[in-house]
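Okay, so here's the structure we're looking at.
For clarity, chains are labelled A, B and C in written order, and residue numbers in each chain start from 1.
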Amino acid sequence: MIHPPALPHGLQLTADGRLRHFLTVEGLSRELLTRIMDTAESFASVTEQSVKKVPLLRGKTVVNLFFETSTRTRTTFELAAKRLSADVLNINVATSATSKGESLLDTIRNLEAMHVDMFVVRHDESGAAHFIARQVAPHISVINAGDGWHAHPTQAMLDMFTIRRLKQRFEGLKVAIVGDIFHSRVARSDIHALRILGVRDIRVVAPRTLLPTDIATLGVTPYCDLDEGIRDTDVIIMLRLQKERMSGAFIPSLHEYFSRFGLTDSRLVHARPDVIIMHPGPINRGVEIDSAVADGSRSVILQQVSHGIAVRMAVMSMAMQPAITPEKTT
Amino acid sequence: MIHPPALPHGLQLTADGRLRHFLTVEGLSRELLTRIMDTAESFASVTEQSVKKVPLLRGKTVVNLFFETSTRTRTTFELAAKRLSADVLNINVATSATSKGESLLDTIRNLEAMHVDMFVVRHDESGAAHFIARQVAPHISVINAGDGWHAHPTQAMLDMFTIRRLKQRFEGLKVAIVGDIFHSRVARSDIHALRILGVRDIRVVAPRTLLPTDIATLGVTPYCDLDEGIRDTDVIIMLRLQKERMSGAFIPSLHEYFSRFGLTDSRLVHARPDVIIMHPGPINRGVEIDSAVADGSRSVILQQVSHGIAVRMAVMSMAMQPAITPEKTT
Amino acid sequence: MIHPPALPHGLQLTADGRLRHFLTVEGLSRELLTRIMDTAESFASVTEQSVKKVPLLRGKTVVNLFFETSTRTRTTFELAAKRLSADVLNINVATSATSKGESLLDTIRNLEAMHVDMFVVRHDESGAAHFIARQVAPHISVINAGDGWHAHPTQAMLDMFTIRRLKQRFEGLKVAIVGDIFHSRVARSDIHALRILGVRDIRVVAPRTLLPTDIATLGVTPYCDLDEGIRDTDVIIMLRLQKERMSGAFIPSLHEYFSRFGLTDSRLVHARPDVIIMHPGPINRGVEIDSAVADGSRSVILQQVSHGIAVRMAVMSMAMQPAITPEKTT
């Protein structure tokens, strides 16, 4: 597993412990993660009501700064920002100024000078969001929307929110994360979040080639057998098998991968009867998960998507809180 | 002519006969088409006033789901949605999740989970909008913005609205549709709408290679001679000759096509003096229509574009009515 | 220097001398340029406050019509329009209707028919914005966001606004413009604006190959030596060296260009101690400007970016004034 960039302590938090940036769940307190989920709970009802807008970020400008294409993630952040009444700028940097040879830092400085308020950053290099957070002016918040193999903290929080809504607790849960652990920022962020929230039995299930050798240092138990790995679990988080791993050295063949690690109804007998099945999407039907499971009664995959909007609204509004609060008091 | 997918009766309408989806004009009542035009009339004045927004869809999210690029159609729907105060998400699916191997249905389910309210669907396969309408949750409306060779119902309604504004009636009109009837969803939708609204004399004018053999079953009269076809007409609807038909088996040459079927001022002597010339755009000057006609006093082509916004506002707000009304009464 | 298209006198102004289009600063009065800067001053405070929106263009539709990609310029116009509460349509014409063979004029006519209110036009051909301005309906304004080598008037006005904010005057200033004068619409627009505002000592500094032969007719003094050219200057405006000029006939090598015309701290001893360094961006570090200068205390490059939003808000709202005013009085 690639080691993440060293985290300057407190980069994410204000002096009084509130969220300023959201770069990683690592090092955050159980209280803060709980506050994010509580705030998301209030927004979950917003997205279900007929008029879905709240004016919390009215007049603010949120920049979706995507160095890596992800229509799905960009869409959820765009919807979250619009439902908070913010203006949204979508900037696909691959096709943008950097093609004119401008550096990342110059791009940031320029957008900053345009008085934007938040960067939602997606980048294929680990540490990109941290780098930007270290550079920005005091009034600007940075949200990590996925950086390399490192972290995807809003995905982890929507996963936690989904578990809490369906299991009402974290203590005593058995959770298995199945698939390409090695290359997964989702796995890494989920593991940190689960541990912070008090889950002690966390398993990672993968072929040996997709398991980092030092994985045990994260406090999880590795399994190379799916049936064993999911035995008695309350929650199974399936990971997407990226296309670029589907051939070559990592797995022998798609067929063998599915027969050994694909989640099917018949495998599920090993888990608890009330197990919930999660997946960050988009799913590869018949690769890591069978359609009968993905569309079945134990799947909460689409609820995760809904929760993604609420959790992103929560994180965005909390990160802007320091900026919002003074306005109220002056 | 490609036969459209079988229509489950009532898919477009609520139990009490209101519009829920707008997929095709086929099978709708004269009353409903008239209500769409009456509603559009009220919005036509909105787009002409200085502040062009009405709050009817405030807090609603409209997704432009385009599987086929069409800046013009996308733009008119985007403008219509924004003038109704909706939030708009533009998703070009060619470059989106499906490139990650996600199925159409998974894309729909995911957007649905994000609590969007309407899909405006453009697809190069006939029946795509119907397919989506059959799948979506009860609160979501689907508007067909053109599917394959099948239907383009908002184009038909803006054509009808234009005819009504300029001719004040449908009964007794003689209407000719000229051009590539075979591949035209506009022709098909216009024919259905004209018949529903009471036009008895509908002609289709085209080279034999661009006329479906079973065209008479739609209740229209085929012509292979332009002068004859437009004789004494009140309305001429020219169709765009798609580039991909311009060479090869369908027409001998652009020059011959224009000389036989291109609309020129000298041809227009055969029509009524107050004939109006329509075209769904974009026009091919010198291919199916001469510039003197397209820009002349009888052309209402640009009025059609204006009416397109009003008609799309009408259809979008009517389709959301079932969702809007309960809110008012609770 | 390419000669700009002949300017029909008064194309930019209404009968009573107010701004209708903003195509070039050439021929405008000192009073009008001053009014633009005064208006920008009021918006500069808007972008600095917490809620950054003013309702001046509510219900108006601004179309960013970009025939040439420029994320940075498009972004500043989009932000300026949104902070004025306008709806914004981004149309990248390279990938749009013209690919269906529609002419520029048909594209304009169609958008016009959709009741849009303003075109922000970027085009690689000189005179494109003028052409469009001559064609549009009376209620529509056209803003030139850069046309070929001809003009970039909002860039010039943000440069002037920056000079005024930092130098509090124009009379008596010595200003040098350094770099590829030959191909620069920024240089041309800046020269016109500086002269209108009363700057008498304007120098252009460039290798002979990048200096137009008739440059003196614009009322500026050419220099081929950087130290001489910037001697005692109050303001230095560096130009971007376009990549396509970096090799071939115009300059011998990047290294030699930098050693002769690159701005470094040691060069700056020739300028006044309180000289300000400007650049339209994006900068080429180590090509036309040293990082120590670009990021140094005399650089006002990022202030220019901020001012760009305020100046564009000013120009957009002033150009819409004729349209806004009647509404107030009726």
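Please note the rule applied: a contact is a pair of C-beta atoms (placed from the backbone, for glycine too) under 8 Å apart; a residue touches a chain by one contact, two chains touch by 3 or more.
Nothing here was measured: the structure is a model prediction, and the numbers come from that model.
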| Interface overlap for chain A and chain C, more than half of numbers shared or less than half: same or different? | different
| task | Write the angle of the rotation needed to overlay chain A on chain B, where the fit uses Cα atoms and the result is rounded to the nearest 5°. | result | 120
| Centre-to-centre distance between chain C and chain A (centres being mean Cα positions), rounded to whole Å | 41
| note | Multi-chain touching residues of chain C, meaning two or more other chains, are none
| said: Considering only the defined contacts, which chain C positions touch chain A in the complex? | reply: 47-48, 50-53, 69, 71-72, 75-76, 78-79, 82-83, 243, 281-285, 302-303, 305-306, 308-309
| query | Tell me, which parts of chain A touch chain C in their complex? | reply | 58-61, 87, 89, 91, 95-97, 100-103, 106, 109-116, 323-324, 326-327
